[in-house]
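Shared chain: chain A. Partners: chain B in the first complex, chain C in the second.
Then we have the complex of A and B:
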């Protein structure tokens, strides 16, 4: 497994970079594209692991199925579903963010540094490449969260959530080379259902409010 | 026997789709399903009381019941039974007024039992990963129930609910991954790597610093679902917008199951560190912040369902405080408080549902004379308000007293000072806001009398239980709570 670590490190840096490109994009279509590329790299990481197990230990692990599920759902199905939703509910391009892009990028760099600082304080996490895996994947999670709070539209929030969960999957794969199978499947299907339900609610918000600007959802306060 | 706990609610929820037109059949399936479920859980509890625990070999032993989750299971199935019977009265009334049609009614009951299924799955699993999955599944099953009325406010509440809870719980997933990582590096990769029993038995050999971070993430994540401040913002919206039976389940059962997840992981961390200082102080701080936040919002609330929702945050805070103090008495009181809160709060939400149906508003200022208009609901609601604010002879008084005494005994004077001050504020808030609904003359003529015969009966049963347990604790419950407390205190 240690031979693979430098290669995996490159891929996980790739995921971090794709997250930055997501934060830097203005239009919904370009978020979806960035998310698709990110999922593709995640699938590649899972593929590396399953090939490794197949060649070295001659067994097909659960992670191979995770690879397939990632390709089918996160690379193909969810992005095209989000595209369909966004074509149906919002045709106009308008400013969608609370914080402008240069400042967002600076905040995201700050988040990466913060994660690096925290991880470097914990000696048990710093054996071999695990420390840098941890920094990269937890930064992806935090940037996903930041993306969610900095966008006004429902689709922006869904994408942020998807990035956040890509980050957690990356952590699980890199740190523990996959959780027990039943847990891994359960998590995948839970998150998939969550995204589908969120998609349904986007339609409902669109029908009842005639917009999906969450900044204007202010009936319930206090 | 163990698997029946999962099969019964799942089959019940599927059976509704076989019904075409008859509301009566739907009601019968609903009532029998939850009655059988309660009976099955009692049988399981009997085994737990006799043998200490139930295990199975399924998937490396992911299902496991001991007295700690037995207690939560008891509260879950008891409240589910009473609330699904209450649902019959409530939803029939909505059906009569054609607020819902038969298809929506079917969907409602199907999701309700699916929701109960996911909560039971959370309760009876010992695999922390499966626990995470099922807690996320509770959000998914109840999101449409929260947004059931499909109007502006309920959709907003449902959106907030699903987004905030999913994000919160994603942090818990990171915690679960770290927990598994610490188990992998110390104990190697096994199927049992996430099982509570396995982790608890080998707690000594896990890395403390990774475990601490894992606990922090899990506390934030599951704490979002428990409704601990400052992660509570979804809770008042979801509780106030959902149909009242669903609010009762959300508040009375769902919050407990998430709290149970935190307690399980806390025991591992405590055992690893050899004391409860780290987890205890976090729980005490979060608990006090929640009680304080709830007190402030209860004082200014205009909507009676929101007041009740904030009171749930308060009580979850009290439970967290009791668990955090970590003495034998405080843990006994906190576990007893879990049961008391779930029964009292579901009673109050059920009563508030009756009031809402009668007056068609949730604004406190628009409601007067409940006692005159609905004598049974009014009386129960009024007594329930005294019960929830901790007046004797109701059971919440007993458990809050236990927590207060134990805090004094352990020398947590600052915590107990804050607790008492906040409880006074909450009592003031409840009495100044809510009491005026009960007296005087109604603004409009709503017609005197209860809506139906089912809902008052449910309310009276719940009132009887909380009054009796306030004075006398049945021996089986006492034994269950004691041995559950021993699990948390690591006395074997």
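Then we have the complex of A and C:
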């Protein structure tokens, strides 16, 4: 497994870079593109593990199915669904933010440093194999969370949720080198239903209020 | 001494010949992907030759800065190229000047470029100059951090490009690591911002409201315009050379048996690889609003900073 460490390190850095480029953009189409690239790298990580199991131990692990699911849903289905939604609600660019983009990028850098600080305090994670890419994968979770709270519009928040989930997935895969199938399926279908429901919500919000600014949902409308 | 002088002349001649080619390749790739025939790859050479022959129109309200600026811009870029060896065989004054000198020689040229934009008193020139200064002040920190990190991480302990190349050549395949990946991402944003490419500035249009670089050189014609265009393409080649030789360090170590021609061919191949990537980025992005450029600059800065940290803070 140690042989894989440099390769996984590079891929997790790729996911971190795509997350930062997501935070720096404000067009829905670039959100979706960045998310798609991120999921593609995540699928590559899963593929590396499944190839490793196939070559070294000559068995096809459940992680191969996870690789297929990631490609089908996260790379192809969810982005195209989000694209459809964004076309329907006619909403292209995020215009107002709680925190403007340069400052939110700096805050995300702070989150990476925070993660590094926390990870470096856990002795079990500093054994050479885990420590290096734990920082990257855990900070993707935090940045996804931050992205969710910093965007006002529903699609941005859905993307934040998906990034957060990608981060958890990456962390889990890297730490356990393949979770039990049932857990993975659980997470996956949870995510899928969540995204479907949120997508329908966006339509309904858009129909009722003529916009998808979640900040304005506080006002009552009879 | 004479030998070194010949090497130096050879390097300058080489970059003078290669620089317009980069623009030609980018334009050709763009037009091919957009299903146009496009200008020939050598178009910028023809343009430059034609411009050198043409007469000049100089505004009577302009001062000596307007006349001096093209020469200063061109000469600073050429001088900067002395410290950026294209192939390790060719001599460079590595011990006199290093990457920081290169960055600030380019900054000096840029300073005179912006002054010349302001000099004629045209509104576009002033607008272009103020925008150029804004972009350069935003992008300079990331360039400096990137260069310092390269100097530290190549085990060279020096910011001279010769030393960085040699250190990276020793790393070999180890260049594909988190530090270099983050720095490469930052470096591409820096190249795009410094060379006025599409997310930041549009090099192909003269649309008044969006232009930055073109607005500054709007008043120039004839030989001066040729010097400005040539200087801009040389500056682009400097940044591409740095990226190519640092992040693709194959053929960076001096092997005397190979002679000089083979390393130059490797260098050209590396430059073309980087050029193609830049062209693909340029096709796939849209021009940003000017007030969105700080977002891109912040991204470059943070990526460079994370590159530094992943090498020297996180690893410890």
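Keep in mind that, in the parts below, the second predicted complex is superposed on the first by the 213 of 222 C-alpha atoms of A that agree within 3 Å, B and C clash if a C-alpha of one lies under 4 Å from a C-alpha of the other, contacts with A are read in each partner's own complex, and residues count from 1 in each chain.
Criterion: contacts are C-beta pairs under 8 Å (C-beta built on N, C-alpha and C of every residue); 3 or more make two chains touch, one makes a residue touch a chain.
Computed from a prediction, not measured in an experiment: that's the story for all the values here.
On the superposed chain A, the two partners chain B and chain C both fit, without a clash.
Taking the Cα centre of chain A as vertex, the centres of chain B and chain C in the superposed model span 160°, given to the nearest 10.
By the document's definition of touching, of the two partners only chain C reaches A:24; chain B does not. When the shared chain is aligned, chain B comes close enough to touch A:138, but chain C does not.
Of the two partner chains placed by the overlay, only chain B lies in contact with A:148; chain C stays clear of it.
Of the two partner chains placed by the overlay, only chain C lies in contact with A:6; chain B stays clear of it. Contact with neither chain B nor chain C is seen for A:50 once the two complexes are overlaid on the shared chain. In the superposition on chain A, A:108 contacts chain C only, with no contact to chain B.
Residue by residue along chain A, chain B and chain C are tallied for touches, and B comes out ahead. In the superposition on chain A, A:38 makes contact with neither chain B nor chain C. By the document's definition of touching, of the two partners only chain B reaches A:172; chain C does not.
Closest C-alpha contact of chain B with chain C, superposed model: 20 Å. Of all residues in chain B, those touching chain A in their complex are 59-60, 62, 127, 129-130, 132-133, 136-137, 139-140, 143-144, 147, 150-153, 155-160, 162-163, 166-167, 170-171, 173-174, 177-178, 180-182, 184-185, 189, 191, 193-194, 207, 209-210, 213, 236-237, 240-241, 297, 300-301, 306. The touching residues of chain A, when paired with chain C in their complex, are 6, 9-10, 13-14, 16-17, 20-21, 24-26, 101-102, 105-106, 108-109, 112-113, 116, 132, 135-136.
Considering their complex, residues 122-125, 138, 141, 145, 148, 154, 157, 161, 164-165, 168, 171-172, 175-177, 179-180, 182-183, 186-187, 190-191, 193-194, 197-198, 201, 204-205, 208-209, 214, 217, 219-220, 222 of chain A touch chain B.
Residues of chain C that touch chain A in their complex: 176-178, 181-182, 185, 292, 294-299, 302-303, 305-306, 309-310, 313-315.
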